[in-house]
Amino acid sequence: MTRKVHVHLVTPVVTKGIRDMNEIAPFARPDLIFSQSELDIGPPSIECEFDEALAVPDTIAKAIAAEQAGADAVIIDCMGDPGLHPVREALHIPVLGPGETTMHWAAMLGHRFSIVTVLESVKPMLTSMTRRYGVDSKFASCRVVDVPVLELVERFAEVQQRLAEQARAAVLEDDAHAIILGCTGFIGCASTIDAFLKADGITVPVLDPIPVTVCMAEAMVRAGLSHSRRTYPTPRPKANIGFAMPTGWPAP
Amino acid sequence: MTRKVHVHLVTPVVTKGIRDMNEIAPFARPDLIFSQSELDIGPPSIECEFDEALAVPDTIAKAIAAEQAGADAVIIDCMGDPGLHPVREALHIPVLGPGETTMHWAAMLGHRFSIVTVLESVKPMLTSMTRRYGVDSKFASCRVVDVPVLELVERFAEVQQRLAEQARAAVLEDDAHAIILGCTGFIGCASTIDAFLKADGITVPVLDPIPVTVCMAEAMVRAGLSHSRRTYPTPRPKANIGFAMPTGWPAP
Amino acid sequence: MTRKVHVHLVTPVVTKGIRDMNEIAPFARPDLIFSQSELDIGPPSIECEFDEALAVPDTIAKAIAAEQAGADAVIIDCMGDPGLHPVREALHIPVLGPGETTMHWAAMLGHRFSIVTVLESVKPMLTSMTRRYGVDSKFASCRVVDVPVLELVERFAEVQQRLAEQARAAVLEDDAHAIILGCTGFIGCASTIDAFLKADGITVPVLDPIPVTVCMAEAMVRAGLSHSRRTYPTPRPKANIGFAMPTGWPAP
Amino acid sequence: MTRKVHVHLVTPVVTKGIRDMNEIAPFARPDLIFSQSELDIGPPSIECEFDEALAVPDTIAKAIAAEQAGADAVIIDCMGDPGLHPVREALHIPVLGPGETTMHWAAMLGHRFSIVTVLESVKPMLTSMTRRYGVDSKFASCRVVDVPVLELVERFAEVQQRLAEQARAAVLEDDAHAIILGCTGFIGCASTIDAFLKADGITVPVLDPIPVTVCMAEAMVRAGLSHSRRTYPTPRPKANIGFAMPTGWPAP
Amino acid sequence: MTRKVHVHLVTPVVTKGIRDMNEIAPFARPDLIFSQSELDIGPPSIECEFDEALAVPDTIAKAIAAEQAGADAVIIDCMGDPGLHPVREALHIPVLGPGETTMHWAAMLGHRFSIVTVLESVKPMLTSMTRRYGVDSKFASCRVVDVPVLELVERFAEVQQRLAEQARAAVLEDDAHAIILGCTGFIGCASTIDAFLKADGITVPVLDPIPVTVCMAEAMVRAGLSHSRRTYPTPRPKANIGFAMPTGWPAP
Amino acid sequence: MTRKVHVHLVTPVVTKGIRDMNEIAPFARPDLIFSQSELDIGPPSIECEFDEALAVPDTIAKAIAAEQAGADAVIIDCMGDPGLHPVREALHIPVLGPGETTMHWAAMLGHRFSIVTVLESVKPMLTSMTRRYGVDSKFASCRVVDVPVLELVERFAEVQQRLAEQARAAVLEDDAHAIILGCTGFIGCASTIDAFLKADGITVPVLDPIPVTVCMAEAMVRAGLSHSRRTYPTPRPKANIGFAMPTGWPAP
């Protein structure tokens, strides 16, 4: 019998319902199940490093809770990968960020990738990540649709149109060979954009971050791998103020 | 019902039986099945770029045959990724090399990785690949066990011991944070090496290339992605001599 | 009359008194004054990215308060530069991190620099910063004295001895041309280490991070410069939970 | 008396007569002589990595034959340098590729170079070579004339016009300081393009790959140098199938 | 009482009066004083590496004289930093170049910087410096106003207008996050350009090289640091011809 | 009849006779002739950037004189390539430096090269050149024999022994695949070192800079190429003081 893999998503914002699990359901299988949580403390959406910073402490807490509840892997459900490194220090199971995952997948799928994201304010954050992750030699450009995260749902048709136009411009003007949808709120848009590009004779992979990261999380669990303790050392117990140490952790 | 994913391995040598499919069986599941083929024309093993060059034309032919037989993804079963790029040009399904795949996985699992491979003659080839794949900023070192590929089975205990020692040296002397087993013939050694390292207090991921690449191939298929046509353009039909154009390809 | 420059240090831990302002007093002048604050919420010391993550939200709050109280520049008093980028987004005055500042100074003072810090767990964090800051081509190595932050004061003689030995090893074995003291808790050790190295015929700059960053903060203020809004965009007002928006900020 | 240097060109395609040796004759001198061979097995032209892969085995055989016939150096007569590394492993004399040679010459002649080649499908191959050869920091862009290799002769006037236009665009739009003609089939076009550019006030080197590589091969022979055995290890004798081991090689 | 810092500028040209010390006066304070000298041998202005080469020997002599006269730091008053490295070898006090200093400051103030300089002939020199200084990953572009150095004063209004336009183009077309004024003759233009950009909604730092370098020189002196002897070794005494060895140097 | 190529060496020191043209004679042929000049103004030897700076103005003058006397190419006879870039600006014929030339040749001959030079004080200069020339990704290490330039002749046996030992250490400890003799005063040592290494089973190219650069100069002349005016712009005529403008140059 096949081992069942349980992947937990921490959506690192306080906006209840922003992550519709029906969108992820098509990727579930009898031996791949999902759970999800949102934050109690943090920002309603993430559009710069200030927003990220406020999201991280409770993201860590929610990720620890997920591991303790039996998850096999945790995904931080935001392209900026807020808290990716501290969460890896705190957990033992694989912890994945859609930013890091899609950038490495794109680097394997073609020579150069572009990212199309929500707002100008997100560009410095994503560009900086390409350096930290060591994929900057594969990075072509970052473009935006200029729509805030919390307006994505209501302006869906407009968002898809702009995504497609910016993706085409990335290919034709910036010489992108692959396109990363640069916000996890763009879930489900890849096939429309792919069709739009193909109508122009352009065949490049369009990476939808959450599906890609879910598949990668399962792959990493089935391969029996987790992150390096030499890169992500276990935190020493300390008398932190304002952040309850998780149940079961050694006393400081 | 879940889609069944069919992954085909092309073992790019003429040594029949060198790939024991029982070693891969543990990674099969009801919805993940494997097939495999070896070469009719080529070298008995691959230990330098000369060997690789002789392997590539029939690797391409075998990969085309696998796609035509219904495979969902093809893996080239050698760390040197012989023919990776031309096979991608010729096929439409994802084509994976264990060299490229493990290097990117290692880059996601830790800051720096080392490779432990068979012979000195393989080092320039693998080192050169880190540059081509754009992961050279994550590459710590390449070390060898000094055992030829075709002696791996008969000298198994010795190979495991040397692998473990070189992996430890890579961590302690070269500051590696992750270890890649640098030959697909090392399959099944990761847990022994991991235990050896843990006994010395070292906790780093040890990547066994074929299991990792099998899991990645399934992930890529389930995510609905394949390689970029802008990086891997479809070959134009030509009157090649000595290489029969595949059935069904357009006439030159 | 000369403009008086006011530099504020946010020491991003909850350990009261860990920053002895007498150590910084020698750098004060009639036209350069200092103030300092510590956190109410956060960790007692910072030794990995987990600790950093818990420190950032209140570091932001304390930095905003300092700007509103009239500071001309803010220094985040920790080599890991926790919160450097979000604080820059939130403020208008220059915000400096001793990590970033000493790395760029070292790059100007010699061809290659090494960092000597407290613990192994800090190395991945500092190494990763060299990439993010774009000075990785100047980075020679990171070494440790293997003493936790909160034991630095009581084990002062031992710390100085180990710092000197590791600095010498960095020069002789790693070909460092400059040495960065990799913890702001090492304040005041530079001259002792410099003398130790000179006794061995080694003349290289030894950078004490807080003095360097204080001088740099004054320089940046006097040059009339602050950080780029294109790199550090002003956060959009939002209904964050658990983080009171600063007085005077626009309502979300 | 001067040593006579004998340079052999392997034109790695099966199209007889594609290399007109009269074009190279102007570079011959009493002490520099040429010979040439084409393939019996392989593609009619090379325009992607698939074509290259089919060309390599017989390129190796022809290069071995040339060395055994007394050549002092071998040039692989195609900008993609097919088989460059395996041929170097198999031979003892210098083996040169016009791709590698012109890229390093261009890097010595100016700060940044652009390549103008035949088809879009060749761009990924050439771009990837800049990384493998370590000259990517000098690479400005790759442009195309959009004419297949086998049509170059019949469309010669049109080709020259497009080459000149793309070279000018490379200088003015991509800030190229030197131009590489990116196909050995462009032989003899450099002076026309140079004149075209000078008429626009642009003075940059235009590198014609075969003349450059011929001169470099002679230089390397006269300097008494050949490739490193540590980078290009001698292949171990093996029972390859479908590739007759060269006369005089040790038995496997 | 505060230590008085004395910064000396060597303006490395023979054009008397080209450096108006009134322009620097606003940066003087009771504890920061300036002196300046020009060359007796050299070019009237610096616009390429040929001009630089002629300026360096007397720049060295003037810098040695300044140190012997008691200066605490020397600034070479030209963006090309002529003689920066040999002067550092010859002196013991900090020696700063406005090119190196502004590039590192710009790298700290934003993700990417552009330089706007005088003439096309200066671009290769400045671009080459970004590589030598290790800040090339932060370098966006170099643009020019196309006005020779010796015409800057008489064409001041035109120069400011072009500077502003090129700065705007650098931000909007080259994605610059910070602007370096690429000639020390542009002193005093920063605020005008800043206002021009702000009128277009662009808020980026505009670095005026001499004020920045003066502030940096004071900072380096107050931090007690000077350049590394391992990077800048003391010259061995030699019987040079045509360059009088400085008074007090050991005999060869 | 073959064109005769005339290569001129400027030995950039005032030590008459330091360059024995008999050492270069073996590379002369009926159609390749040499001339040489030394400086009237400058240092007796070059061992740091201070020495270089004093050598450059008269190196420029001597190179201009050589071009006016009919030379086809100029070589600056010192590994530090003093004045390489300003001389290229001033001349129209190819100007070669043995530093740049051997570094690019070594990059073509193997994956990584080491340099063995005279003194520690030369290392920063040579290391810095690898960055400026864009070959730093190929650079393994720089080692020294610790003998000043002017003692090379009298301590010849000792120098050869140390060169061989350092070359071996570079291969075995630094993983060098090619060795550059890092001083033009080492001329003629390559075959001895090569034999020493081969006795240890090491087969790597050993590059003797002057023979390599002479062969390259001829190659560049015969290929009809010279340096890019966009990288090396012609100096504008100016009223320089202390440097007579060359005969025939336009008046300022």
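Order as written gives the chain letters A, B, C, D, E and F; numbering starts at 1 within each chain.
Throughout what follows, contacts are C-beta pairs under 8 Å (C-beta built on N, C-alpha and C of every residue); 3 or more make two chains touch, one makes a residue touch a chain.
None of these values were measured; they are calculated from a predicted model.
J.: Using the touch definition from the top, list the chains contacting both chain A and chain F.
T.: Under the touch definition, chain A and chain F have B, C, D, E as mutual neighbours.
J.: Between chain B and chain E, which partner chains are common?
T.: Correct list: A, C, D, F.
J.: For chain B versus chain D, which are copies of one sequence, does the interface use mostly the same residue numbers on each side, meaning over half shared, or is it different?
T.: Shared-number fraction above one half, so same.
J.: Measuring from the mean C-alpha position of chain D to the mean C-alpha position of chain F, what distance in angstrom results?
T.: 27
J.: Two-or-more-chain contact residues of chain D, please, as numbers and ranges.
T.: Residues 111, 124, 128, 131, 134, 137, 177, 230-232 of chain D touch two or more partner chains.
J.: If we use the touch criterion from the header, which chain pairs count as touching?
T.: In this structure, the chains touch in these pairs: A-B, A-C, A-D, A-E, B-C, B-D, B-F, C-E, C-F, D-E, D-F, E-F.
J.: Please output the residues of chain F touching chain B within their complex, sorted ascending.
T.: 111, 137, 177
J.: Given the complex with chain E, which residues does chain F contribute to the contact?
T.: The contact residues of chain F facing chain E are 14, 39-45, 47-54, 56-58, 60, 83, 85-86, 89-90, 120-121, 124, 128, 131-132, 134, 148, 230-233, 235-236, 238-243.
J.: In the complex, go through chain B and note every residue touching chain F.
T.: 124, 127-128, 131, 136
J.: Could you please specify the touching residues of chain E with respect to chain C in the complex?
T.: So the residues of chain E in touch with chain C come to 2, 27, 29-31, 100-101, 104-105, 107-111, 133-135, 137-138, 171, 176-178, 190, 202-205, 207-208, 211-212, 215-216, 218-220, 222-232.
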